[in-house]
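What follows is a single structure, and I will ask about it in a moment.
So that you can tell them apart, the chains are marked A, B, C and D in the order they are listed, and the count of residues begins at 1 in each.
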Amino acid sequence: MARKNKPIRSDIAWSTPDRIFVRDKSLPDEIIGHLNLGDFAYLQLTGKSPTAAQSRMFNAILVTLVEHGITPSAIVARMTYLGAPEAMQAAIAAGLCGLGTVFVGSMEGAARMLYAAMPESGPRDLPAVARAVVAGFRERREIIPGLGHPVHKPIDPRTTRLFALAKECGFAADYVALMREIGAEAERASDKSLPINATGAIGAICCELGFKWQAIRGFGVMARAIGLVGHLMEEAEHPIAQEIWLRTEDEASAHLRGEKLA
Amino acid sequence: MARKNKPIRSDIAWSTPDRIFVRDKSLPDEIIGHLNLGDFAYLQLTGKSPTAAQSRMFNAILVTLVEHGITPSAIVARMTYLGAPEAMQAAIAAGLCGLGTVFVGSMEGAARMLYAAMPESGPRDLPAVARAVVAGFRERREIIPGLGHPVHKPIDPRTTRLFALAKECGFAADYVALMREIGAEAERASDKSLPINATGAIGAICCELGFKWQAIRGFGVMARAIGLVGHLMEEAEHPIAQEIWLRTEDEASAHLRGEKLA
Amino acid sequence: MARKNKPIRSDIAWSTPDRIFVRDKSLPDEIIGHLNLGDFAYLQLTGKSPTAAQSRMFNAILVTLVEHGITPSAIVARMTYLGAPEAMQAAIAAGLCGLGTVFVGSMEGAARMLYAAMPESGPRDLPAVARAVVAGFRERREIIPGLGHPVHKPIDPRTTRLFALAKECGFAADYVALMREIGAEAERASDKSLPINATGAIGAICCELGFKWQAIRGFGVMARAIGLVGHLMEEAEHPIAQEIWLRTEDEASAHLRGEKLA
Amino acid sequence: MARKNKPIRSDIAWSTPDRIFVRDKSLPDEIIGHLNLGDFAYLQLTGKSPTAAQSRMFNAILVTLVEHGITPSAIVARMTYLGAPEAMQAAIAAGLCGLGTVFVGSMEGAARMLYAAMPESGPRDLPAVARAVVAGFRERREIIPGLGHPVHKPIDPRTTRLFALAKECGFAADYVALMREIGAEAERASDKSLPINATGAIGAICCELGFKWQAIRGFGVMARAIGLVGHLMEEAEHPIAQEIWLRTEDEASAHLRGEKLA
């Protein structure tokens, strides 16, 4: 009957009246004014300050994820703001709720695929690994995460840039190579243009950086939160949500009104 | 009857198969690898790249807002993750929903107060302005935003640091001075220790940077999104949400169970 | 330093291995199969089972709030589902986030106005009260909550029905009368058609039922949650979110693409 | 290049200045005052008014899901309200975000399992089907959805009641029988007490009612929205969120403060 309490502990932060520490660093003395936002994100997530190369690479990944134009997320945030402008945080929250398996999920999917496929030791015949991976996805009739893009064809320009940066920063090792092999093999096997898209590039580089695949969706969510603030600031000055709503409402029920009133 | 469509326009981003522009800059060529996350946030929100001073100051503000230990937001995100670990984005969204008037709202409150009080032109007698502001709040029996802290007394160490940085970066002008005057006057008038807290310091500096007060809550929301990802990563490895829940549930209904079963 | 714990108590529910009680009633024996959903909502919110008249009236109020066609909420839920179909709860949550001051807020606004204006005792000269209320709103240049509708003119058919039911059920007393007086006076003063809309009718009847104005937004939120489930079920079979998104995205950035590529 | 617009249609509702129809019924004339909230939910979700038996059964299912005491959802809603009392809708939304696979998911899991296992035609040897189902779950080392409860042992009193009602209402046919067989077989195979819990009973009855398994999570979400409004109303009068927060914060970082300050 009597449940025994277990301890409740978190190692992220602590404070006293005159001190505030996050991840073992003094927030006022060692973080504010010393780390940029991306670097502090790295510290918050890993417990360690990034090296110069990690800082450059991780900031580049996050920056890629901030803004993608008028996405479903941006429309959702703007529509929510229309009804509750006094609760901007709820509009951002609503916009983030849809960052699930369909859009953001392919980053974690790519990383998961690469981690699962990469031989832990011994010689790594990456073309052979890629063939096995692609054959498996084709057999299961599943889409290979991180490949293909409805607009950015035949090449996703973000991938080119991210892989170039990864090379500069020393993060273009076996996971990036395997992602490239999988992309090439998938194009061969399907006879379609299947460029590695930004989510595939980011998934591979996150493996190089040693992030768990489960954490990667969080990068998309936190970056998009920034983007959504920008959309809400524009919505406040040049609103579009009401127009989208009214057009949609009119069109969606026109057939019913027409039938009934005819 | 017939509604006339209005145009739907956003000036934030556009893309073609081989190009992606955000705020008139090429994402692959001018942003990725060139701007850190805080700088890109500045660009996304203002349409302009920050100067070196703006970059330093804005990153410092955001960094201050990322992580505040086991806050209600962090508990909410962890509790939500307990029920839906497959939807990390929903846990972050839930955690952000409570960043309303009580906690994060004092930043915008401070900025709003400072903007409203600052004479637009002519000589600025800031001590007199501060006396009028404080008298007004006392008369309306309202709390002055940005002053006082339950833990960080007699000084909030983040404020010291942020104001020092503001001075270094050239952002310690009249709004910061007015905030200080208001703090001093409030202490005099109430005979209580009312240090300018981090939200007051940030509110004042945001005025110096020229941000609308309506945008400032968004800074807290986007920074906290980063912090919450860190909490969820810790929760995944060292969970505490279930223990908080079970203890609370046990205690909350013990009196009912006891009465009824006695 | 040492904080003293305060008790944590909730009086809503308790259970033991073989018993489950909500609001002092046995869930299996006295609630399941005995109370309909609206009645149980009444019990959950007030701690008492409704009388037959209260049941009829409260169910009618909730039923009125469930479904309003393709509202911003419905679009938000559908758009969120597009990105995260595996997390239906997050789509509903996103849809609810916008039920703020603009749409749902006028119910609580109407109730608050009526509670504030109604003389607590003595003779109630409702036309005089209404004149004072309307004059106050006009002076402050604020919109009177619960009046006017963009579509349902000159009469909101839900109001007619709700007020008829209120009369049948014995809930058409002074608050309903005052709401009518305020509507009539507002039309006189503004020389515009200002029918009492459904939110005004509900606000007034909620006063008759004795609900605090702070609770009323919750009625809209819980009813709309039901409506949104219906929208998501339709979206799963006959999706429209992607089409709304693609049209919006195309149009919103066409001017930028055009300018840059010209 | 030029995308062709697809139609945007919804069949749920339509209105004109003097008419409002939902699911082909006049909201003022045929719904308000005629259908209780559960009945209207049934209409909204299925397009048809429920029969008396369907009404009784569906209301009973929803009623079972409204209130489960101080759950993670309730704590989340209360904690969110603490920070943003002006946005009750966001507190409810936050509370719903965690209704994912862990808690609410077992209803849809049970229904999905039953639909998949039930032979479409021919004689139905339910004990043999149950043996195959249980053997499959044991082989895959997966938990059978809808069985077992941490508190309600050896019997979940809601299940007893729901199955009795199902019998009364004519909904205790093969799916309910199969669920019972699976429960019995699972107990035999595991030699543990594995009562059919409320989610298993609801999953089975939802199959009898003909609902798609994908819709069932929505029932939990909409019912819980009602429960959460009750929790927020109690929180407004007798708050517990701050106490939960402060205790948790103190305990969670005590080890860090202690180490560093020792």
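Operating definition for what follows: contacts are C-beta pairs under 8 Å (C-beta built on N, C-alpha and C of every residue); 3 or more make two chains touch, one makes a residue touch a chain.
Quantities reported herein were computed from a predicted structural model and do not represent experimental measurements.
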Superposition of chain A upon chain D: rotation angle, C-alpha, nearest 5 degrees: 180
From the options B-C, A-D or B-D, the pair that copies A-C, where over half of the contact pairs coincide: B-D
Far-end chain from chain D, centres as C-alpha averages: B
Approximate Å spacing (C-alpha centroids) for the pair chain B, chain C: 30
Inter-chain centre distance, chain A versus chain B - centres from mean C-alpha coordinates, in Å: 23
Shared interface positions of chain C, touching two or more other chains: 7-11, 13-16, 69-70, 84, 86-87, 89-90, 93-94, 97-100, 104, 240, 244, 248, 252-253
Topology of the chain contact graph, where touching chains are joined (line, ring, star, complete, other): complete
For the chain C and chain B complex, residues of the former touching the latter: 7-11, 13-16, 21, 84, 86-87, 89-90, 93-94, 97, 248, 251-253, 255-257, 260-261
Interfacial residue positions of chain D with respect to chain C in the complex: 3, 5-20, 22, 27-29, 31-33, 35-41, 44-45, 55-56, 59-60, 62-64, 66-70, 74, 87-90, 92-94, 96-100, 104, 151-153, 155, 157-158, 160-162, 165, 212, 214-215, 217-223, 225-234, 236, 238, 240, 243-244, 246-247, 250
Chain A-facing residues of chain C, complex: 69-73, 75-76, 79-87, 90-91, 93-95, 97-104, 240-241, 244-245, 248-249, 252-253
